[in-house]
Amino acid sequence: MFSWQTQPLTWMHFLGMLIGAVIVLFLVLFIVMYTIYFERKVIGWMQNRIGPNRVGPFGLLQSAADVFKLLLKEDIIPANADRPMFLIAPIIAFVPSFMVLAVIPYTATHIFTAGLNVGVLYYIALSSISIVGIVLGGWASNNKYSLVGGLRSAAQMISYEIPLGLSILGVIMLAGSLNLNTIVTHQATDRFGWYIIPQIIGFVVFVIAAIAELNRTPFDLPEAESELVAGYFTEYTGFRFAFYMLAEYVYVFAISALGTTLFLGGWEGPFLPSWLWFAIKTSAFIFFLFWVRATMPRIRIDQLMGFAWKVLIPVALFNILLTGALSLIL
Amino acid sequence: MIGLTWLVPVLPLIAYVVLLATGKRMSEMAITAISVLAVLIGLIISIGVVAAVGQHGPYAPVVYNWLAFGQTTLTMGYQVTNLNAMMLLVVTLVSTLVFLFSKSYMHGDERFSRFYQYLNLFVFSMLGLVITSNLLELYIFWELVGVCSYLLVGFWYFKPEAAVAAKKAFIVTRIGDVGLFIGIILLYLGTGSFDFTVVFSHLHHFASAQASLGALGHDAITRLMNVQTWVTLTALLVFVGAVGKSAQFPLHVWLPDAMEGPTPVSALIHAATMVAAGVYLVARMFPLFEASSTASETVAIIGGVTAIFAASIGLTQRDIKRVIAYSTVSQLGYMMLAMGVGAYVSGMFHLMTHAFFKALLFLAAGSVIHALDTQDLFEMGGLRKYMPITHATFLAGALALSGIPPFAGFWSKDDILTATFDSGHYVLYAFGLIAAFFTAVYIFRVYFLTFSGTYKGSKHPHEGGWVMTLPLLVLGLLATFAGFINTPFAPILSRFLQPNGPVGIDPPANWGLMAVSAVVGLLGIGLAYSLYGGGKRADAWAKRMGFLYALSYNKWYIDELYALIIVLPVVTLAEGLQFFDRWIVDGLVRLIGEVGYTGGVSLKYSADGQIQTYGLVTAFGLAALALVALRIGGVL
Amino acid sequence: MYGNNYLFVLIFLALGVFLPVSSLMVIGPLLRPNHPSRAKTTTYESGLEPVGDARARYNVRYYLFALLFVIFDVEIVFLYPWAVEYKHLGVFGFVEMLIFILLLVIGLVYAWRKKVLEWK
Amino acid sequence: MALQPFLALGAVLFGIGLYGALTKRNLIIVLISIEMMLNAANINLVAFAHFLPKPNIEGQVYALFNIAIAAAEVAVGLAILLSFFRARNTSDVRDMNAMKW
Amino acid sequence: MLFGLPITGATITYFVLALIIIVSGVFMLTLTNVMHMAVSLVGVFLGVAGIFILLGADFVGLVQVMVYAGAITILMVFALMLTHRGLNGHLQGEVGPFRGTLTFLSVAIIVGTLLYAIRSTPWPGSTTALQPFHQSTVNLIANAIFHQYTVAFELVSAVLTVALVGAAVIARKEE
Amino acid sequence: MSTSLRTEEMILNVGPQHPSTHGVFRLVVTLDGEQIIDADPVVGYLHRGTEKLAEGLQYTQIIPYTDRLDYLAAMLNNYALVHTVEYALDLEIPARAEYLRVIVMELNRIASHLLFLGTYLLDLGAMSPFLYVFQERERIVQLFNEICGARLTYNYMRVGGVKWDAPPGWIEKVRDFIPFMREKVKMYDKLISGNEIFLHRVRGIGVITKEDALQYSLSGINLRSTGIAFDLRKNRPYSLYNQFEFDVVTGKNGDCFDRYYLHLEEIRQSLRIVEQAVAQIPEGPVLGKVPKLIRVPAGEYYRSIEGARGELGVYIVSDGKDKPYRLKLRRPSFVNLQILRKLLIGQSMANLIAILGAVDIVLGEVDA
Amino acid sequence: MFGFLKGLSVTFGQLTKKKLTLQYPEVKPEWPERFRGIHEFIPELCIVCNQCARICPTSCISLSGSRDENKKMHIDTYDINFEICILCDLCTEVCPTESIRMTDRFELATYSRDDLYKDMHWLYENHVKHGSYQRLQEEKAKAAQEAQEQAAKEAKVEAAAKSSGEGGDA
């Protein structure tokens, strides 16, 4: 098993890392493009439509076309906006979304993975920075919908970050490590199998909190079209808008990957190569997100906040205590 | 079952938390159900525990490390001894019945849930106090029950009397608690531990080998005193705590006032359980008192004095609850007396029977108050017709209290009197006997005033629902028959409490003494009948007694005495000091002040109330100091 | 070398900054048109002229939720090491955490009952 | 690397925070400045933990506690500010010259 | 050699981070828009987190990111939004020039003295390479907290609860 | 008590260009935080002056204009006009024409209700139902397209009958449609009615009381949702409605959920009517004997029918010429809209969408 | 409880259903016979009775005619303003000679409003390009027949060419 941790630091290895990271970057852009494509297809199919099919065979290049369209669009900065904030907010939102991918173990060989001993915390900590980007974007736009969208977004994301963090604790207690690699290998040998089985409560909480963290249906209030037009990025156009979208979809991928790693055994699996297992599980997770989006109406803001604090957090705490008590008994 | 002992206090705690969290949203039924269920399960477990302890003897302490400071480790845990087991049973039993009773009594109170929260918290604390395995924990629970008592006495805080009474109860018992705390600290200094087992083994050690305290490596104490002094001092200090809690003379003043609380509270806390905690403490620390004859004597004397003293006050009070409260004080005096003369079992026996019949009396009184909305004895009468169950059960309680055979009180009280007589304290025996006489008189005074004659009020009295009568009936049965567990013929309790004790420690039945005390009781009843029977009012009698009546009615002017000897000097001193302060000290100060004021006015702008200015001044000063330091250091 | 992991993270950081900066500030301006006009740069408000400043002061409850968040965030921070070492801490650790959580739950319940958690 | 650069950094950050705390008018900014000073202290703690002859973990643990307390402090500080703001409609430190309002 | 330090990856990282921290800090002092200040604050926090990680305290570093850069910043931003008054977030000035200068001088002297003291004190211990812990810091921290600092740990929860309750009460007084 | 931390009142324009106003409807909302303290509907962005225009048009020429009132239920509008004129002329209508009218009207009602379901769920954030309803609606629209050559603006009814007889095979297609639609209604029930999130958002929201409903003279589903069984098809039967069996379904609480569910229920009832009509339809002519140039005798005439959104009334004042002297339309959407302000005040911003959607206005009808 | 699971099952069930999307510009919808599209006008049939212009609710038709040598009215200009035409079909309904009819053409997007004034020639051309439903059917049939013939012819030619080509190569 290859891992950077076991290697001495040489220029060659540095180059290797750089190449690995660049590969991940392009892979991520590719994945995001096809996640969007996948989403449009899945939702289309669920709505008896065929989804994108014009650009390229089966519409495979649709997302690429969209990206180019956005790149070529005029970058409008509203006159009332706070210019510097308006400019850097999408970047603040995007950078952490990409950085969290550094710790996800995609395969059994960790060329693309930093085996941090605090991997889970790394994810949680980094992802909370994106909230700043979102709230700044909303604020800088000087638009009512944007501001409300940004604030709501922030309130929602902070509220659901707590249950998200708590739901993971059960897994950590079972695995005894914050290192995502270790968590995966533990799941291979654990007597309960993948942690979705012993941590089913945690998993449910995780999924719900994850959907809310992603601002996706049924928790897509910040960009609730029927109320807030487009939420915090109402005023954004062109590539700046694209970076918000990119951040959003990178998080879709990242959180699915995290869920896969924590609960579904990561790259673990028989017969097939490990990266394929990882891809399959992550896709299934992502599919579920889209499936929910195709089905659910949107929850209301007060219900949303109440749900996080009055239901999810107590349940997550209960799960921790339950896990603690059970692992003392068993 | 015995492994579940820890659950007994925890269940009320859980009930407390649940009620706290759900609060007003629950119906009264649900609140009662939760609370009663919590103590009922506790009761069942307690029965199991008693059975198990009876069969297999005490249960080894379960101890966890709690905190560690340096070399010292504080522990937490619990312990089941025969004594604990008995107390557990008594407390849970009475609690269950009182909880049930309260549902009806407190019905409609808008803070119904809060009341049960407090009760649950109290039961938790009391049970914790009972089963704890070390002194520090005991002290914590001791204070907790004090707090609960405070909260419950002041439950109707909007009544000024209740608020004052709560404060009084709290402050007076605090005096005792300070003594207890010092005692505990002394014990710790002497033995190096808070654990009962360790402390007792040390005491045993001192008693047998006469080892010096210094041998234990705790020098601090040896420099001050020898072992015997230490033991006596400690015991006395612990006893001070007990005096406070058990309302013994001279710290008894709070208990009658505490009757401002709701009646179930009086029944549970101020008759059956918490006030008995003092007695229990002495029983629990019995080895300590055994080791010091001085302390034992003190306990006996205080107990005897309290018994007769409180009984004499009870003779004349007009408030039904106050009479019973003074009765409680008096009965607690009996228990202390028993402890003092070494009749440990008798004391505990009386504690138990007293818990039953006094709870009964309170609840019956509560039932009466609930029906009449008054506590004044002279406004009652003739209730036998309207409230037959209350009447019957009250009568049972009164007979038990008066020590009429075969009711429970007879056996236990007689036990104490016999023990006192046997130990050679004839004066105290006489005190006890007179107190017994008084007891019969005052309780039957209450009985006759309340139940016989004709009804004087306007409200139509009636029995409460089954939740009110059921506890009365159960307690009535207990008050009647509980005495049989420790008759001289079948000393079951003695065997239970002292399984390893010498067989002959219980004196053989002393028919003479038994007869005497029974007769005294009957005489008392007779006197009460002659004075108050059939609705008579003994005003004339009171006038004839004149001074004595006034003395008794005004509680021997103890409160006034306190006001005179404590409050007055303090206030006078304060007045004097204030005079000195105002005219002499202040004069000087004002002179200086006037001078300073002019300077201050000019300087006040430096103290503009702005934190940043202060910060700046500090920083500037620091910088200046740094410069000076650097200069001195030769850097600059 | 454990530090290598952070070097890797650092590379991700660099790339993560590089991508938006390069595309937004270098490539973007070369590709996209730029013809601002007053109509384009006005703030959107359902097709009307905006009324008042959007940055009106916002409701205090946002602050309250952020407050709860900070507190619970710190709690999670302490829960993580606990969870990692949980297997070695045993009953004692469990009890310690029970107390810890209980205290915070009391806070939460308090906030709940004081209607801090109500959005309205 | 040696200990000194980290201590120096801590000192400079402390100085910046101190200056901000003493000169800024907006109470929130003052609070932020104080947070910076706390951060400076944390740098020192962690640096000492790392560089002292026997590397130990205590410094980090203290830093952790420090962060927790700082969080609580900010929460309460800002709450007080809000309360003050509500009463006086200002968040200017100069107006905070009484213990009660 | 850079300021007397050998040029290694760690040194460069240190200087970059120090630069970020100090520049962000100075920005924070000089910018006039509170929101911009908040953003530069994030810079300071992240820089400090980087320093922690550089010192081998990765857990503390990430906690710093999570609590400071994530949570506290949001709290500050919300508080700023609640209290600023229509000026697009601009502040009116600071203290007067005299006080400013005085403060600056005082602070400069204090910092200078500190720097001198740091420089001239013979610090014990290793002055060589940064040695990361062999065991995961998380486990070490957990052991320290849950064995040695139990009381402190429970006190933290008490402090947090009190802060929560207190702040909620104070902030919600109006309703 | 100071007011400084109170949020400043914020005025927010919802519409005219807003995703959830279903057209060019503008609502000026005054917000305190997220609470609505005032809501002022501004209408007229789609005003075309239909009533005034009608004064210069012959009765036949007015029919296409009615298509554009409630453009989701043009057949019903057509009918309302011709029915009034027929009433004024006291015309005899061929039976087959009446049956065809009932069939298309009820089909159109179904189509209109389906679109309500779709858009309402879209407003609440669920995307799929919107696309599902278009499938069923498409079949209805195709049926209309076959019978009258248009998909939305049918212009199908004529004074005295209908323009065209059903093309061959059309009746069978309608018959096939009924079981298909029943299946779909079941599917919607399964997809939407049980969804907890949906229920939480609509139950107990925007409650209209019986008194208010009567005071504001609401009609249609808005009225029936409060529990008042008022349906002109039953209460004042016109056309052939007294020959068909169907129920007037009512709600209990008058909340958004009731209004949603009544739409579903009314689709079921309409299907029953269509089923009976298709079974009974006779052969024969589809246009009665009507003068070439229609002159309504002088006088005032008012007839109203149960439109898709409530009581749709046509009031004609005639001076005996071939053009109406005055034509007044009672447009249910416009009347129902009046209660919106009362419903909105005190609600949160998020409920605005749920309430506005459930009141179910069509801007073509509101602005006329 | 768990109503949302039912909903999920519904959406999942749709995954495999037939997709209904029409690839619009390539695949045009099948319009029924009565479809009311943009008019066609056949000047030869027009008798200039003016009924269409009179019945038009929006007055979008304007026409002028003159008598020819045979005293027969014949149309000179015939314009429809499609900015305001609402395709209500009343004009065709009243036309006694069916000189104005509706086709199945429905796309009318232009870059300029002026382009929406359609004159007689355009309307006639419209007939040539689109035509009414009946005519379209006829033309389709005709075209199909022609194509068949053409194909047959081509096949013949090809066969011939093939044989000749092969010969040429060889």
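Going in written order, the chains are labelled A, B, C, D, E, F and G, and every chain counts its residues from 1.
The rule we apply is simple: contacts are C-beta pairs under 8 Å (C-beta built on N, C-alpha and C of every residue); 3 or more make two chains touch, one makes a residue touch a chain.
Note that the coordinates shown come from a computational prediction; the quantities given were computed from them, not determined experimentally.
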Ask   = Which chain, with its centre taken as the mean C-alpha position, is closest to the global C-alpha centre?
value = C
Key: Selected interface, C-E versus A-G, where C-beta contact pairs are more numerous   = C-E
Key: Computed distance of Cα centres, chain E from chain B, in Å   = 55
Ask   = chain A to chain C: how many Å between their CA centres?
value = 13
Note = Chain-centre distance (mean CA atoms) for chain C and chain F, in whole Å, is 46
Query = At what distance in angstrom does the C-alpha mean of chain F lie from that of chain A?
reply = 44
Request  = Note the residues in chain F that touch 2 or more other chains, in rising order.
outcome  = 5, 10, 12, 18, 34, 128, 132, 135, 191-192, 195, 197, 348
Remark   = Multi-chain contacts in chain B, i.e. residues touching at least two other chains, fall at 612, 616, 619
Key: Per-residue multi-chain contacts in chain E, two or more chains   = 9, 58-59, 63, 66-67, 70-72, 74-75, 78-79, 81-84, 88-89, 95, 99, 103, 107, 110, 130, 136-138, 141, 143, 145, 150, 156, 160, 163-164, 167-168, 171, 174
Ask   = Can you name the residues of chain F that touch chain G in the complex?
value = 57-58, 60-65, 67-68, 128, 132, 135, 138, 142, 145-150, 153, 155, 163-164, 167, 187, 190-197, 199
Inquiry  = Quick check on the complex: what are the chain A residues that touch chain F?
reply    = 43, 46-49, 144, 148, 217-218, 220-221, 224-227, 229, 293-303
Note = Touching chain A in the complex, chain F uses residues 10, 12, 18-20, 34, 121-128, 131-132, 135, 191-192, 195, 197-198, 200-201, 348-354
Query = If you look only at chain D, which of its residues touch chain C in the complex?
reply = 64, 67-68, 71-72, 74-75, 78-79, 82
Residues on chain B engaged by chain D in the complex (per definition of touch) = 608-612, 615-616, 619
